[in-house]
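In the two complexes below, chain A is the common chain; its partner is chain B in one and chain C in the other.
Take a look at the complex of A and B:
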């Protein structure tokens, strides 16, 4: 992997002051922050930013958040899943007001990224809020007129937990070469064939590209989910080096 | 100090003198890996040190686990901001493995089953600072956490503690590994917050 492949090269990552310009509810527990970041150098889909919060007494803490938007000038979107006993996500989700400043640095990460000039087919597998960096890829593909064929398999607990539900419906209709399939683990929508269940071999076999097509695979979600999906992909013959993963949350069961 | 975030108070209930700047405490054990988890059977496992002159020193599983082991309790600091305190590992000190290795190299490039690499100075592997760990809290290290054996270098960010460790190449010149080539810091001292190149 060439060092020059990282946007911004190896220049020092400075903290920037972003401002919240808009907030959108996505689900009852997730919301999108639309930020204006003067001087933002642009990013690749799949990269993240570090967000730093500082209290009046100087106490400071940081978290990483995946970027949800395609690169677009000084505009940046983060989708934050509220963790009820969390220290940072409730603040970002509920307290930070339009016009408020927040510090961030980035973009960070040069591995879990997709480049719109890549032509290989792409399999995206998301669990819960793991959709966020994958949505940045879907949006970048659309914005850049990318021709790579995309298949997205999205596992959610219930239809209400589906982040970007309306946009995904629209994109699946309008974006040529993008297929979207869902798995519901707790509660399926009316008329859904079958019972709620965890994503399994048959889902991946049916809705992801076959290993013969040598697709790039991006898997993002809670640790146990990612472990299971990555194991399935390997069992179905995908080369490990084509399977890129991003895990979050506590260790799996 | 950064700009104040209006209405942010943070959570400082626990005393956190052992936390490097920017880190928060976690009780569970997150798994962060760039790809699928490799499963490496111990009957084919091998650990190799290759010197700057090309000389190879190898250990199979039986040979490694027959070496004197140490049990250490250390704090872990991940560049993604979580820290886990007081973890207990058992393994072989790199002092033991490098004892009879003839080398004048200053740098080490560590490689893993699965293709991962990371670099660090040789001196950071010596003097009781680094182990090839194969037990965690008294149990075999699970594949998700790098089993059967992982490097453990707790004084650096955790990406330096390569999971599924396979070998170490000793070099005169520093050579960046996987994350270092993607913009992360070449050294990675949590107490100096060396997260990314230029920090």
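Take a look at the complex of A and C:
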């Protein structure tokens, strides 16, 4: 199949000024920023942006955030997990106010992306805030009327740490061909079968597409989680090149 | 999602997806989909799958098979320094016009 160029491609990357238009709480430690980015070229689900903060004395620092929303004009949503000793996330999570400007550049990244024209079944495995780029895929599938069958397996510490919980419940009900399963690592809700545990071979075997179906697999989460899940998928017979991974940092869920 | 926040310990790494922005500042195409060959062990794979250590000065990308350094990228105030010592080649998809 012909691949269209990745949005944002074929030109050098410049910083743009975005403005916060809305803020939504997702969990006690994660929130979604709705940004207006004039001239935004659109994006593929799974792409990210670099966000840059500059202090009055000129000190500047940047971080990379996955885009949470489907492509929609000049609006862009980022879901930010607050890292208490972090340099950027506490500012984005607590200080940046509606109307404030923030610099960003993107979209970037052409590897960990899903195209709604692809019809192969898709397995999504998320650990903690690794759900963010996978949610962009779920939302893009819905917005574009994509027909690919999706199975999402989401590992969270407790039910309160489940990002997009209400929307995932609704989409699992309303989006034909989308299944969502959860694994709880520390505290499970009433009625969930089994004890809190780390996601293991049995969970992947039960809830992901079998290797015979040649699904596209997208795994995103903390480094240790991603390594473990990718090893399980490959041990279950998935072709390594069909297992796309995105690691976002040190700590485990 | 945030790749560089939080306290890194020895051995912590993220991956080549995190190079997308820093490399797009230099190159006109996305290099994370480029397929590279490790000069040390010969393993082939996408730049996106490299192990990236972000707690060094700059970004150090290592081969996921043998952990030798493939590339290093350091951004200064007015220039970038890119060391590609560990890559024999990069095969870069250019999309379809």
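What we mean here is this: the second predicted complex is superposed on the first by the 246 of 253 C-alpha atoms of A that agree within 3 Å, B and C clash if a C-alpha of one lies under 4 Å from a C-alpha of the other, contacts with A are read in each partner's own complex, and residues count from 1 in each chain.
In the analysis below, contacts are C-beta pairs under 8 Å (C-beta built on N, C-alpha and C of every residue); 3 or more make two chains touch, one makes a residue touch a chain.
Predicted model, so just to flag it, every value in this text is computed and none were measured.
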**Request:** Kindly classify A:130 by the partners it touches after superposition: chain B alone (first), chain C alone (second), both, or neither?
**Result:** second
**Prompt:** Touching A:64 in the superposition: chain B (first), chain C (second), both, neither?
**Reply:** both
**Message:** Quick one: is A:245 in contact with chain B, with chain C, with both, or with neither? Answer first, second, both or neither.
**Reply:** both
**Request:** Check whether A:231 is in contact with chain B, with chain C, with both or with neither, and answer first, second, both or neither.
**Result:** first
**Prompt:** Once the shared chain is lined up, is A:17 touching chain B (first), chain C (second), both, or neither of them?
**Reply:** first
**Item:** Touched partner set for A:223, first chain B, second chain C, both or neither
**Value:** both
**Message:** Just checking: does A:110 make contact with chain B only, chain C only, both, or neither of them? Give me first, second, both or neither.
**Reply:** both
**Message:** By the touch definition at the top of the document, which applies to A:87: first (chain B), second (chain C), both, or neither?
**Reply:** both
**Item:** Which superposed partner A:100 touches (first chain B, second chain C, both, neither)
**Value:** first
**Complete:** On chain A, the footprints of chain B and chain C overlap at residues 2-3, 5-6, 8, 10-13, 50, 62-64, 87, 108-112, 223, 244-245, 247-251
**Asked** Okay, in this complex, where on chain A does chain C touch?
**Response** 2-6, 8-13, 48-50, 62-66, 79-81, 83, 85-89, 105-106, 108-112, 129-130, 132-133, 220, 223, 244-251
**Complete:** So, in the complex, the side of chain A touching chain B is made of residues 1-3, 5-6, 8, 10-13, 15, 17, 50, 52-56, 58-64, 87, 91, 95-97, 100-103, 108-112, 223, 227, 230-231, 233-234, 240-241, 243-245, 247-252
**Request:** In the complex, go through chain B and note every residue touching chain A.
**Result:** 1-12, 21-22, 24, 26, 28-38, 80-81, 114-115, 144-145, 176, 178-179, 181-183, 195-199
**Message:** Using the touch definition from the top, list the residues of chain C that touch chain A in their complex.
**Reply:** 1-9, 12-18, 20-22, 24-25, 28-30, 32-33, 46-49, 93, 95-97
